[in-house]
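Right after this note come the structures.
One chain, chain A, links the two complexes that follow: it is found with chain B in the first and with chain C in the second.
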Partner chain A sequence: MADVALKIREIARELLDSEKVDVVIGFKKGTLPVMSEPTIIRKASDTKDLIWDATCRLNLCNYLTGRKDRIGIIAKGCDARNIVGHIVENKIKRDQLVIIGVPCTGMADKKVLSDLAGGEVTAYSEAGDQITVSGPAGEKTVSKADVLQSNCCTCIKRNPVIFDEMAGEPVEELSPDNRFADVEAIASMDAAAKWGYFEELLSGCTRCYACKNACPLCYCPTCFVDESRPQWVGKGTDPIDIRTYHFLRAYHCAGRCTDCGACEAACPMDIKMRAFTRKSIKDCVDNYGWETGMKEGVRPPLDTFKTDDPEAFIR
Partner chain B sequence: MQEFEPKIITFLCNWCTYGAADLAGVSRFQYPANMRIIRLPCSGRVSPKMVLSAFRNGADGVWISGCHPGDCHYITGNYYARRKFTLLKEMLEHTGLEPGRIQFSWISSAEGVKFADVARTVISEVKALGPAKGMAKEFIMSQEVA
Partner chain C sequence: MSYIRIAKASWDGGLEKARKAYELIGPVPEKDSHKYAVLAAGQLPDMGFKSTKLSPKWVVFPQSEVMFEYTLDESKANHHILQEVPAAPGARAVIGIRPYDAKAIQLTKMNFDNKDYKDPFWLRNYERCTFVGLAINEPSSTDFSTSCGTGPFAEEGLDVLLVDAGDAFIAKVLTDKGKKFLSEAGFAEEAGADAAKAVEDLKAKAEAAITSKVSYNKIAGKTIMDLYDAPFWKDVLFGCINCGTCTYACPTCWCFDIQDEVKGTDGVRVRNWDSCMTGLFTHHASGHNPREHEWERTRQRFMHKLKYFVDKYDAGLMCVGCGRCVEQCPANIDIRTVCNTLNDF
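Up next is the complex of A and B:
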């Protein structure tokens, strides 16, 4: 991926030099080896900090919301779909943006990497499609395909849907056998087992809200979790409050979530809360034939209707 | 032991189903008194936050009812609502709510009989499920001072 990074720097430098944009939003090295850090670059000389590798898990669309300046932004497949969503929801104007598309071959799951390293990862490097990590268990080299985030294994759009520049050659799209095997596995349980599954899933959640803060869809000036009259959800880590938070957050993302995985990647407790959002992604496909962010200018499914929408469950 | 009587929070739209409830009342159609009716302008006004709040505060079931598609007082409110309800019901049941605890219907203001019928069905289905365990938050109401 090294040449992609070089290409990104070159495009970013050109955009800033020619004053086509005021800032470029990209990734730089993080303070931990397995993490990258979103960065906003204003000077051409700083473009040398930009990187591209399998730790660029966050969704940079998150940093676009409501900006007034002209922006260059690095976008992998899922990020580009969120940018389409942002344009539809009037959170940014298309003509403010120069989108630097990156065809994406997936991001490495930080939990899988730390398990591999036997604890905290102390060194991380990539060569071709091989990833090497070091940690308490010594040095390990694996192929990236074996340590991908789960959302990257069921990705439907690795090549950005919208872009102005491209920082690499198009990659082959995946054709997963069954994209929703995880949702179906939950569907096969009885109600009590489902309840237990989610109880277990959320048991470590500390309500830090990193998932909400990392999500480009969560841009509300006042989130429902902070509303107090009425108070929809308590502040602490009561299991019902945690569940209410995750349920409503996922519901607010229904028909808008691109399954980018930024929420899970941001979670310090490695909670797989996409078990909620994945359900509504599937329901939108099944009921409304809807995939988020694939086309500009189409209203999201909860903002429109058909007179003959399915309604078998209504008496 | 006393027989379990479920509490069912019922969201009715002002123009159709609330009218039907009224009609059922003045016509003296009988149905059990487990409903706690909340009148809203439109079924489109129902937010998932309200539904979760009902369960969080101890409801055993939630029933939402509005005008038939095409009859909405605001022309399209129930069409939008229908999509919200689809995703809401699916996600609730995906995360462990027993099917039957959340119910939906379209009942016009002329359908007093249907109102009483659906009310009886909803109540008996929720009753069969028993109390909603785990859904309600245990609020700290008071603390004893030693």
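Up next is the complex of A and C:
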């Protein structure tokens, strides 16, 4: 990935030097081995801080909301799909953006890395498709494909759908046998098992809201969880309020979620809340043949109305 | 200072005895990590744990705590009267609390128990507790507690400090409360003359393992407004998504929000953790929000911990260097970097 980072820096420098953009949004090296930090670059001389590797998990589209300046933005496959979503939903104007696309081979799961290291990861490096971590269990080198975030294993668009510059050669798209095996496994449970599954899934949730705040879709000026007149949902730790939060958020993401995994990467309690949004992705594919963020100018399915809609499900 | 030796073989039995006098709280596995929980009958703490994502601050300051209740049901006595929920009875022992978390409770005590104000809910929780600490032999790389007036073997706020010495815990008795706990548990074997030295050696080793440091010697000398208006905030905090993870994980964050919840004819007044990261935090009834933008809320977090607290109490940072926020921040906003930035500004 080192040459991708060099290319990103070169493009970013050129964009700032030529004043095509006011700022560039990308990632810089983190203070922990497995982390990177989203950053804003204003001067060409600072572009040397930009990095690219499998720790660039967050979705940078999240940092575009409401900006009025001209922005260069680094975008992997899913970030680019969310940018399309932002353009469709009028959150940002296409001509404000210079999109620096990055063909993506996936992000490394923090939790998997720490398991591999036997606890705290004390060193991390990448060379080609190999990742090396050190920790209490010593130094381990593995193929990146073995430590990917789960969403990266079923990614349908690793190459950005929308871009102005590219920071690398296109990568081969994945063709997973069954993208939705996980959703089907849950769907096939009986009601009691399903309930148990979701109870367990949400146990430990503190409602810190890292999941919604990491998500580019969650841009409402006041989220329903914060509304106080009327108050939609209690603010304590009552399990009903926690479930309400997750169910409602998942519905708000239906037909808009790109499965970028930023929500799960952000959750401090390792809660796999994509179990909710994955179901809505599958339903949108099955019912409407819809994949989010693939084309500019097409509104998401729950936001459109067709007079010839068969509406078979309510007959 | 007296030292008691607790052979690990007698640990479980001692805790069972102590249960007669105390409700026990301790670290237990949860999914892939650990949390502090009330130990059910027969349940024992996992004293080999490394860290917990959430601190045990909930012991004195629960995430949701019902303060008052009422009913409008006229068939019940005292209907239409807001009544304080009675305090839970009995003593509690918090086993395995880390020295930095015990120090954090002492820092928050300045807020909940001072000459102007005594928070009855916080205090009644606090007074029930005996804090049986566990020293940290192998600090993590994000532990910078020695910079923050505490450390892996610090004693402030503890009644007993346990030190894991292989096949035994060496218990350093720090208060009368601690002495009582040990005697209820039947731990009475005087540790030999070399116990103090063994503890000092482990302490020196653990402290030396902490290489992560922050500097804040120059912060108190700067004026609030210079730091508040410093030009670096927007960029230093750019990545922050205002998720609140750091404030929930932090043992010293004390903000709360009070809510009424009603079901049918019954209602409760409950106080919940709040976080300066949320949009509603200090949002005025008029609609004005003094911390309107995301970065201003994050600035509040760091100014509170690194400047306002420092100026108000003259007791160091409002941070004990546990490193939880550093580890858990999804955007890798690192308080050590921010602290050093303020110090050098």
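Quick notes on this one:
Quick note on the criterion: the second predicted complex is superposed on the first by the 307 of 315 C-alpha atoms of A that agree within 3 Å, B and C clash if a C-alpha of one lies under 4 Å from a C-alpha of the other, contacts with A are read in each partner's own complex, and residues count from 1 in each chain.
Quick note on the criterion: a contact is a pair of C-beta atoms (placed from the backbone, for glycine too) under 8 Å apart; a residue touches a chain by one contact, two chains touch by 3 or more.
If you're wondering where the values come from, they're calculated on a predicted model, not measured in any experiment.
Once chain A of one complex is fitted onto chain A of the other, the partner contacts of A:V285 are absent, as it touches neither chain B nor chain C. Once the two complexes are overlaid on the shared chain, A:G234 sits against chain B and chain C alike. Of the two partner chains placed by superposition, only chain B is touched by A:Y197; chain C is not.
Shared-chain residue A:P310: touches chain B; no touch with chain C.
Look at A:Y209: by the touch rule set out above, it reaches chain C but stays clear of chain B. Judged by the touch definition given at the top, the superposed model places A:L248 against chain B, while chain C stays out of reach. When the two structures are aligned on the shared chain, A:M35 is found in touch with chain C, with no touch to chain B. Shared-chain residue A:P301: touches chain B; no touch with chain C.
Across the superposed pair, chain B and chain C both touch chain A at residues 234, 238. On chain C, the positions that touch chain A within their shared complex are 30-33, 35, 50, 53-54, 63-64, 140-142, 235, 238-239, 241-245, 248-249, 257, 259, 261, 270, 272, 275, 278-280, 326-328, 330-334, 336-337. Interface of chain A with chain C (complex): residues 30-32, 35-40, 42, 57-58, 62-63, 111, 115, 119-120, 122, 203-204, 206, 208-210, 213-214, 222-223, 226, 228, 234-238, 265-270. Of all the residues in chain A, the ones that touch chain B in their complex are 183, 186-187, 191-198, 224, 230, 232, 234, 238, 240-241, 243-244, 247-248, 250-251, 254-255, 276, 279-280, 283-284, 287-288, 301-302, 305-307, 309-311, 313-315. Contacts from chain B toward chain A in the complex involve residues 48-49, 52-53, 56, 69-70, 76, 79-80, 82-99, 103-106, 118, 121, 134-138.
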